[in-house]
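To start, I am sharing the structure in question, which I have written as structure tokens.
In order of appearance the chains are A, B and C, and numbering begins at 1 in each one.
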Amino acid sequence: MNETLKLLPAQATDFAGQVDALYLFILAVTVIFTVLFFVLLVGFSIKYRRRKRAEGAAEEKAPEPPHEHYTLEIFGGAFLLVLLMIMFFWGAKLYFKAQTPPSDAMEILVTGKQWMWKIQHPSGKKEINTLHVPVGRAVRLSMTSEDVIHSFFIPAFRVKNDVLPGRYTQLWFKPTKEGTFHLFCAEYCGNEHARMIGFVKVISEEEYEAWTGTGPVEGETPVQAGERLFAELGCLACHNPASGALGPNLAGRFGSMVQLMDGTTVLHDENYTRESILNPMAKIVAGYAPIMPTFQGQVTEEQLGHLVAYIKSLATPSTEP
Amino acid sequence: MTSVTDTSASPPEKNYLNEKITVSSWLLSLDHKRIGLLYLISLLVFFLIGGAAALVFRLELLTPEANLLRSETYNKFFTTHGIVMIFFFLIPSIPAVLGNFLLPIMLGAKDFAFPKINLASWYVFMAGGLLGIIATIAGGVETGWTFYTPYSTMYANSNVILAVSGAFIAGFSSIMTALNFIVTIHKMRAPGLTWFRLPLFVWAMYATALVILLGTPVVAITLVMIFVERAFGFGIFDPALGGDPVLFQHLFWFYSHPAVYIMILPAMGVVSEVISCFSKRRLYGYKVIAFSSLAIAVIGFFVWGHHMFVSSQSTFASLTFSFLTFFVAVPTALKMLNWIMTLYKGSVSLASPMLYAFGFLGLFVIGGLTGLFLSTLGTDIHFHDTYFVVAHFHYVMVGGGVMGFLAGLHFWWPKMTGRKYPEAIAVFTAIVIFVGFNLTFFPQFQLGVHGMPRRYHVYPEEFQLLHIFSTSGAMVLGFGYTIMAIYLLWSLKFGQKAGSNPWDARGLEWETSSPPPTHNFHQTPVVRQPVYPYEAPSVTAPPANDSPEASHG
Amino acid sequence: MADSHPPYLAHHFEDLEQQKQSATLGIWLFLITEVMFFGGLFLGYIVYRGMYPEAWHLGSGKLDIVLGTVNTVVLIVSSLTMALAVRSAQINRPKACANYLLATIVLGTAFLGIKAVEYSAKFFPGEDAAYVLIPGANFFLDSPFSNGVQLFFSFYFTMTGMHAIHMIIGIGILAWLYVKARQGTYHEHYYNPVEVTGLYWHFVDIVWIFLFPLLYLIGRH
């Protein structure tokens, strides 16, 4: 039988199974209501059909106008609302899950551009339009775009998120099944949108370790590349642990709340890091002078990803220099 | 246009069609009925263009490879289909054609409050439509009808400015029509025509006009922002300057989601009239249907964010929009309930307008219920931007909007033209269209479930089977529309003369002749009966003992 | 209810009262659409002002506050003359009505003239100017906030430009009214067009009353 005639597509994560359970629940509600509706529609049309009058017979009495009370509407509406709220809360629960990657997730950088997906693994290994991931391990994708809006979609995992220029978005999954699955761009991005596709290859942990350590590796992991850039671009001159440094020390900072000059606080996350590199005046840390120059145009999207990865790695005290 | 005037030249009685027959008497007519017909003719041309584009790209989708259209051409075809069908057919369809023709008559008025604005709206619409056509002929547009930034402003290599200007201008015509509707409903009702004696079509038009008035200006300014960014290089949504492309999506959907209600509320109004007539009964829960239209119009303005669950809007925003979206389902479901309950203990006849109305009910119930999969956050992650969405909105907008339009067109065709169309062929066609529609779009739900994304001209092979179903359905659908065009045109010349009330319906429009005289009524009617008085015989002269102030039940 | 239709009562209305009420409701509905139209721009302005307050501060400081203030006064006075034109028609003084309309036209044109001076200072900053404030490829400002300032000026030109287009349309309608008023068309029984145009003119005025502080004053606390 053709794959697409099956009720459900392949499930390759636990999350996919949970989405499908909700899907089947809504499907059941939908089918029941649709069938009921069609039965009533056809049933009433037959039962109360207009009968032909015999020639010369007295005119048929018109049907009574309906009563003006709303019992049916009130109870029908309330019952429906209960069903709808079940869907809402169930759906919201899954959405939260999809938005919250586990803290031990392996991080892979994804950059979309017309019309390809550029992917870099923690080992530094790069690939295009194919994503190798080990089975049984949570993976978090940190995604951005070099041009227009794209959307990273893996049907078998039931996950999707738009990939935007100028900011980072994320996606996570934990494959439970080895195999090859479709990877699509779901947001229309121009002429070759339909060719911005590829495959996700879920392989065993050992295969992944073997794969990720071979091939055209630049010799640097994203974190190492970020560390090198951090030195090359002169960031270290101000952002260092010495007292009286011109910029805040970034060690242990990522993931915490930062007190700003104007009294507000902001979460130091990927997008804040990115903004601070490209647009340093936007949100200045309390106690420091607004003197950092912008690095807009001096770093590529890829290098930016590396810098962010490095600063992120500083959050864990063990990697602190 | 000329064929309309020709056929009606014979009856001796003066009516709006034969009073003057020069071209300028049509093009400069302030008569709402003639303007309605001008709209009808122009909209059918747009429908033909949009439909033809759809048939071409459906043919391309017959195979997984690009063997009919190149990617760029394919993208231009689906963009043309979307822009033409939404901005130049569906949004104006029922209001500009049936609303224009019927509203003053249903209100017992001689015309709209602002007849000149009404005529101007048609010219403005045609100007917008012309720009849209020029944009297509001069090389096309490939942004999709949604014009998402930064693609549309910085990367697209096509006539975005022309298309955006066309949609912008067409928006003015919507606003003019809506303004006329609201003022006329408030100020021009015949004596005795209280709010709860208004036909539900009028209530639906009122709710629609509210949505148009509040929504259209927002999309207008959004299109202006696209325009200045693309034409002058201003940065408004440009991420390189720190602009936010997602802000565009918020502004765009603030109009474009309610726009769905601009398409569907009028169809609900039509269906209410038709079901009432062919059940010979006042509608069950008249007030519920009337107020649910307003409720849909109002709630519809607070759900736009459900188009952006995976667009990186905040989790809290997504939760709010999902929650509110479920509340649109309630008034919609109540309408369905009321329509079904009208049949119960009614006297049902399945004439062609009723069959189209049933088509509306059957398709819209599927369209509405599949919306639940998309308003639920957990499942929308998967379905967003797949064929599931495509199928869902076609069930709503074509299954609902177009079927409603066709039901109304068949119902009021004898009134508009004074002629009857061949009933048996119309019944057959209604069935062909229903079958063709389902064959086209039902497989697309399954494509979406299996992850087939929208706007792909090539696709992995396993999707081909369902695409073949869909394309064959599109051909059946095209065939159905063609037969309809033939028998409706045929009826203009050869159709049986329709009396003033061929369906034995109730309502002011059935109390005047078919086609109506230029000023609609020979004297201002006085309304003395509750709405839909099917239990009483049809009136030409209302009973004198009942005062206009009498209770309306 | 008037049995014989006076020439200024359109045939499809029953009486003057119905005609007047329809026109008034119509213009108010139209003004609601205008609120939504400008509302979209204001929303964008507010979002970006929240994101880039310093840039907004800096951009606002680059505007000519003197010309802005003069223009505000000019526009408020034009609203007064407009109101007086409506009043003159109501109390049956068609000639005064025409004169006040003319005064409104002159003031409206003066506003646009001053605006043109302001625009041209931005468009032609001179060879050795330290900055170019027209958004687009040539935009130049030596400031770490230059991107945000460019956004500010995109909004400045779009908002004031949309406002100016409304002014131009308003002046066109006023010119037509002026011609009609000179012929004595408007009097105590019939002054709908003047009143309705007046409401539109006041609305355009109010939009400016919002634009002025948001664009010119916000950087000067």
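Just so it is clear, a contact is a pair of C-beta atoms (placed from the backbone, for glycine too) under 8 Å apart; a residue touches a chain by one contact, two chains touch by 3 or more.
Note that the structure is predicted; figures quoted are calculated from it, not measured.
When chain pairs are compared by contacting C-beta pairs, A-B ranks highest. In terms of the distance between Cα centroids, subunit C is separated most widely from A.
Chain centroids computed from C-alpha atoms place B closest to the centre of all protein C-alpha atoms shown. The mean-CA centres of subunit B and subunit C are about 35 angstrom from one another, to the nearest whole unit. The geometric centre of subunit A is 44 Å away from that of subunit C, both derived from CA atoms.
Residues of subunit B in contact with two or more other chains: 240, 242. Subunit C has residues 51-52, 147-148 in contact with two or more other chains. Counting only residues that touch two or more partner chains, subunit A has 279, 282.
Contacts from subunit C toward subunit B in the complex involve residues 10-14, 18, 21-22, 25-26, 29-30, 32-41, 43-44, 47-48, 51-52, 135-137, 147-148, 150-151, 154-155, 157-158, 161-162. Put simply, subunit C touches subunit A in their complex at residues 51-54, 144-145, 147-148. For subunit A in complex with subunit C, the residues that touch the partner chain are 262, 279-282, 290, 293-294, 296. On subunit A, the positions that touch subunit B within their shared complex are 2-5, 8-9, 18-19, 22-23, 26-27, 29-30, 33-34, 37-38, 40-41, 44-45, 48-50, 60, 62-66, 68, 70, 72-73, 76-77, 80-81, 84-85, 87-88, 90-96, 98-99, 114, 147-149, 151, 153, 155-156, 158-162, 164-167, 169, 182, 184-195, 197, 279, 282.
Only residues 71-72, 75, 142, 144, 146, 148, 150-151, 154-156, 239-240, 242, 245-246, 279-288, 309-312, 315, 318-319, 322-323, 326, 329-330, 333-334, 336-338, 340-350, 358, 361-362, 365-366, 369-370, 372-373, 375-382, 384-386, 446-447, 449-451, 453-460, 462-463, 465-466, 532, 534-536, 553 of subunit B touch subunit A when the two sit together in their complex.
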